[in-house]
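In the two complexes that follow, subunit A is the common piece, with subunit B as its partner first and subunit C second.
And then the complex of A and B:
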């Protein structure tokens, strides 16, 4: 009987043009979304690659041109001299901190188009460093990227609803259900076969195309990532199929089913996420960046006004430099001391942002369970490496690198100053104080990224099981009067 | 007769159980969105005003220093928002609204709010614009899809038409009822638009913007009402009419805008910031620049018939600084101009997609009237850049004219800082930027015309209904 039902349903679907259209749509959307995400990630990879190439090129070029610099008798402006530690520190250093996109990046662009993924490092206040960003059209940010997560979260449920909203109700209202029951079939069997087959028409093309494209275009992708992606897709799709089955099992007309399902989609995918987001941002509002700039400005002024005091404080914090420094109060050391003072003054404000973000994340962690869309999105974004977990790990690494550079230059400049390298004689050029640029601290790209936690997806399984349970009860009730009527 | 038909349609609509729930939910969402929008606007304006004042005080109290040190000290300027931003904050969060004005450098806006948001924020926030552009059409179609189709299914449509009701009147009555219900939901917006007229100083400009804003949304409501009723009339069953309307909605609000913008950025790509900054440095700090400086010096020596810059009747360093600024400005104009051209092409290409989706037309015009769109932001950046150049000119000229008279290092004081007026930015009159939005206006009118044609077609079909 099951095979007969399966065959009949399959033939019916083939006869209906809608099934073919929906399968074609699923293929088209998966292909388009993958390619869009892929090209986006590729463009970021190219920028990261270009940054590293220019860094390496700069090191090589400096090594090649060193003899020329050593032999020159022409006046050299120290702030343009790549062999001068001060120029390297504040003006000419080519040193990048980068976050290359992961092979899984096309799954969900997430915040990758908004958050900075590379920084040109100089010795300056970290507040000046971290505000760099890639200029993209703001409309593009407002509308977001057309990626696999968008198709999966927004569009696939609509396709599922479009193909499943009249399952069972057609048979019920045309009287075919009675015939089926008389022949020994069950409404539950029919509904299961209809929903699974229709779900497969939507989900399978999407999964086949996206996995195939991943293997073709993103060769380094791990099997584990693809398995996780497939699992998440199936669970999310499974929830919508279970919802369709439950709505259909209530025995209402097709139009009513469609209206209910669309309302559910609207609530889960559009309204609830917007409400959750609004709630989070109002419960823990992010401090104003305008006020932050004001504080930064005030702290910088304060540090500059008290330059000598700032310097004294700097040497107090770094006694290893003070003890060997005979005339430490040169321009560069003062500048580093001022930078230090500004960073210290701003630390409280920066921590405030981190605390607020943590508070928002804490709320988001629980509230995301209210909507299957937010739950799935949060996991997909982390799986693709474009979420906050990896970004925060990157920023922590940037911070370490920033401190390493500051410490490197602070020490080098004080020592060079002590040796009189910056002014060996009146009117002559400063001595080269850094001849091998490869000795500069390099950014370590292998920053630790925590594994993606798939446990929240259990909630989807629970919801789907509940819906299936309710469906089986409804189908039992639905089938009973049909049978008795016929028997009578 | 029309009044009777209207009353009948109104009673029919009232009997729909879902109508009241949908309207209640939509009204609550809109009220919530308006309240949060107003709060955000107030807090932004208050911050912008306070910090701008602080910045001006800081500039005036920077003490005695060389004019060029003051030029490097610079000033931060903040883009103010119009009260309409409470209804549509458009791109406010996606572009830096603070710009640092300093010597030698043309900066982009700093600190985009969106960078501080969680990834979840990409689902969108509950703003009035979101409710009006995305949810309101959905509400209209959920209320309107069975208006003709279910009457046809129940067989009452034929009876109605057979009783002598004019098809056009029936169609118009249904449209009017649906339009009236949807337009009622605009009430909080209308109240807010009226409220801000009494609150603000520049009421004439604002009145014009508010009127435009209202016209755009009322047209949008009318457009969706006519399309919904026409589709409901044209299709045989309410099931089909719901599916078709939902497809149109999903395409026009979800799919086409995203695809159109992604396509535009793909066709008109931008350089990365790294490449752009490298290019700026490469093109500004060149040997050609050194030669230009050399030529400038020679021309001055020749003009004043002296052999050394120290013999010039002014401070050469000040003149050289101003020359350097003008030299760099020409390159900034070219490179930033090229980038702006690409951005402009992206915008135009996106606007063109409003021919495929009325939501793009409405969204673009709504942001434009709220002064929170791309063009208004560019206008602000251009004004900020003009201010920066004026600052540099005043400071450099001061050094040029006075530094040579001073013994030792020349320092300027409050009197010079006061010569630089406070940066006061007011969004332009909408008419000044109208040319950017021609496509959107055209599309909106085209969509309205198309919906009326569809309506006419539906009425014709309705005329033949008793024969079917």
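And then the complex of A and C:
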């Protein structure tokens, strides 16, 4: 019976041509979305690769040109001298912290187009590095770019609605359902076959093309990632199919069903995410960026004005660097001390930012369950490696790296200063204080990133099961004798 | 027409059905015997379609009893539907499938054990033009669709056939062909209940005519009487009295 229903439904859809058009559309959307995400990700990879090449090239070049620097008698400006710790620290260092896109990146660009993914490191206030970008709310920019997640979350439900809105209701209102029931057929089986087949026409081409393109263009992609992507697609698509089944089982006309389903789409995909965003940004507003920059400037001015006090405080904080030498008050040491002082002064502001971001994330974590679109998008973005979880891990690594560089240079500069390397004699060039640039702390790209948590997708399963349960009840009623009016 | 009525297949006893604001059936009782064609005549709103819906198990009567080949739709609707075939005014077929594909589909759903070639032969029996058998139903005339409907009913080999305004909108030739087909079914022993407005067809085809008005049976005219009766005059008399 199921096979017969399936064959007949397939023939009907094929002859309607709409199925062919929708399948072709699904293929086209999947292909375009993948390529758009892939090219975006590739451009980021190229930037990251160029940064690392430049860093390696700089190390090699410095090693090659060291004899020339050692033998030169020409005056060398210290702030341009790559063998001078001070120049490296503040001006010429080629040292990058990068977040290379993952092979799964084309799934969802997310906020990868607005969040920083590489930094050229210098010894400066960490606020100049890590706070130079505005925080963007995790659920903002949901629309995002035209990637696989956009197609899956926004467009595939519309295709599903477009092909499923008249399932069963067409038979119910044209009379075939009455004949089917009189012949001993089952409305439930018919609806199930219709919904599954129509869902397959939308989802299968999308999955086949996107998985195929991943295997062709992103060879390093793991099978686990593809499995997760497929699972998420099926669960999200499954929810929309269950919703269509439920709406169709209520016995209304096809036009009413279409109106209800489009309203559901608008609610879940557009209105609810917008409301969640609005609520979160109003409940925990991000502090003023202007106020932050003003505070940073004021702290810098304050630290510079109280230079001596700042320096004393620095040595008090770093007794290992303090020595009997009186030459600690040079430009570089003072600059490092100032950086330290500014960082300390800004700590409260930074914590405020972090607290607010955590509060926003905390609310988003729960409120995303209100909209299946937001829930799915948040997981897809994390799966692609362009989400806030990986980004925060990257930023934490950047801060550790920044700290390591600062500590490396602070120690080196103070020690070189104490040894008199920066001014060996009047009119002489400074002695090279760093000859091997490979000894500089390097950014560890393998920063720890938590695994993607698929557990929230259980909520979709729960919702789908509830809808299926209600559908099965409604369809059962269709076949039974009615008391008030004929429904078939 | 000469087939003698045998044991009852469809029995309706004191059927009452009330909707929110009106009573559609007020104690209607009818019987259709094996091999008999009973024409159910009545004006719009007389309760013909409500009676059919109760018989088919789509409506639950408030009172009364229905039996189709010994089964009651109130007790086991699936078993009742197994005994029945139904041809409405507009046979609802899938317009993009051919006549044969529709017949195969609905027959297989009814678990009819007939090969596709036998089903094709069935369409020839009901005089569906050969060139139309494999064409989509959307290109069929109403008469051709009715023929496919008859073929579905024939294939099912049901004990009872319910017809709801089957000849409405058919041209005289198609209507005549249709009559011949249902008479053939009656000769095979199928009990046929035909709700219609077509007095001519009722007089020509039916063994008995039941006139109902306002949910009540007002008169039953037997075949023998039918030949001598001015059915139209009878019908109008009852309807006017009822009104």
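As a working rule, the second predicted complex is superposed on the first by the 464 of 488 C-alpha atoms of A that agree within 3 Å, B and C clash if a C-alpha of one lies under 4 Å from a C-alpha of the other, contacts with A are read in each partner's own complex, and residues count from 1 in each chain.
Operating definition for what follows: contacts are C-beta pairs under 8 Å (C-beta built on N, C-alpha and C of every residue); 3 or more make two chains touch, one makes a residue touch a chain.
Note that this is a predicted model, so its numbers are computed, not measured.
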| request: Once the structures are superposed on A, label A:179 by its partner contacts, choosing first (subunit B), second (subunit C), both or neither. | output: second
| said: On the A-aligned overlay, A:227 touches which partner chain: subunit B = first, subunit C = second, or both, or neither? | reply: neither
| Can A:111 be said to touch subunit B (first), subunit C (second), both, or neither? | first
| said: Just to be sure I read the superposition right, which of the two partners does A:387 touch: subunit B = first, subunit C = second, or both, or neither? | reply: first
| field | In the superposition, subunit B vs subunit C on subunit A residues touched | value | B
| message | Looking at A:72 after the superposition, I want to know if it touches subunit B, subunit C, both of them or none. Which is it: first, second, both, neither? | response | neither
| said: In the overlaid three-chain picture, which partner chain does A:15 touch, first (subunit B) or second (subunit C), both, or neither? | reply: second
| request: Once the structures are superposed on A, label A:352 by its partner contacts, choosing first (subunit B), second (subunit C), both or neither. | output: neither
| note | Counting only contacts in the complex, subunit A reaches subunit B at residues 32, 36, 39, 43, 47, 50-51, 54, 96, 110-111, 114-116, 118, 120, 131-146, 150, 154-155, 158, 162, 166, 253-255, 258-259, 262-263, 266, 270-271, 273-278, 280-282, 286, 288-294, 297-298, 301, 353, 357, 360-361, 364, 368, 373-374, 377-378, 381, 386-388
| Contact residues on subunit A for subunit C in the complex? | 1, 4, 8, 11-12, 15-16, 174-176, 178-185, 479-488
| subunit A touches which residues of subunit B in the complex? | 18, 29, 32-33, 36, 39, 43-44, 47-48, 50-51, 54-55, 58, 76, 78, 90-91, 94-95, 97-98, 108, 110-126, 130, 134-135, 138, 142, 146, 237-239, 242-243, 246-247, 250, 254-255, 257-259, 261-262, 264-266, 269-270, 272-278, 339, 343, 346-347, 350, 374, 377
| remark: Seen from subunit C, its contact residues with subunit A in the complex are 19-20, 53-54, 56-60, 73-74, 77-78, 81-82, 84-86, 88, 90-94, 96-97, 101, 105-111, 136, 152, 156
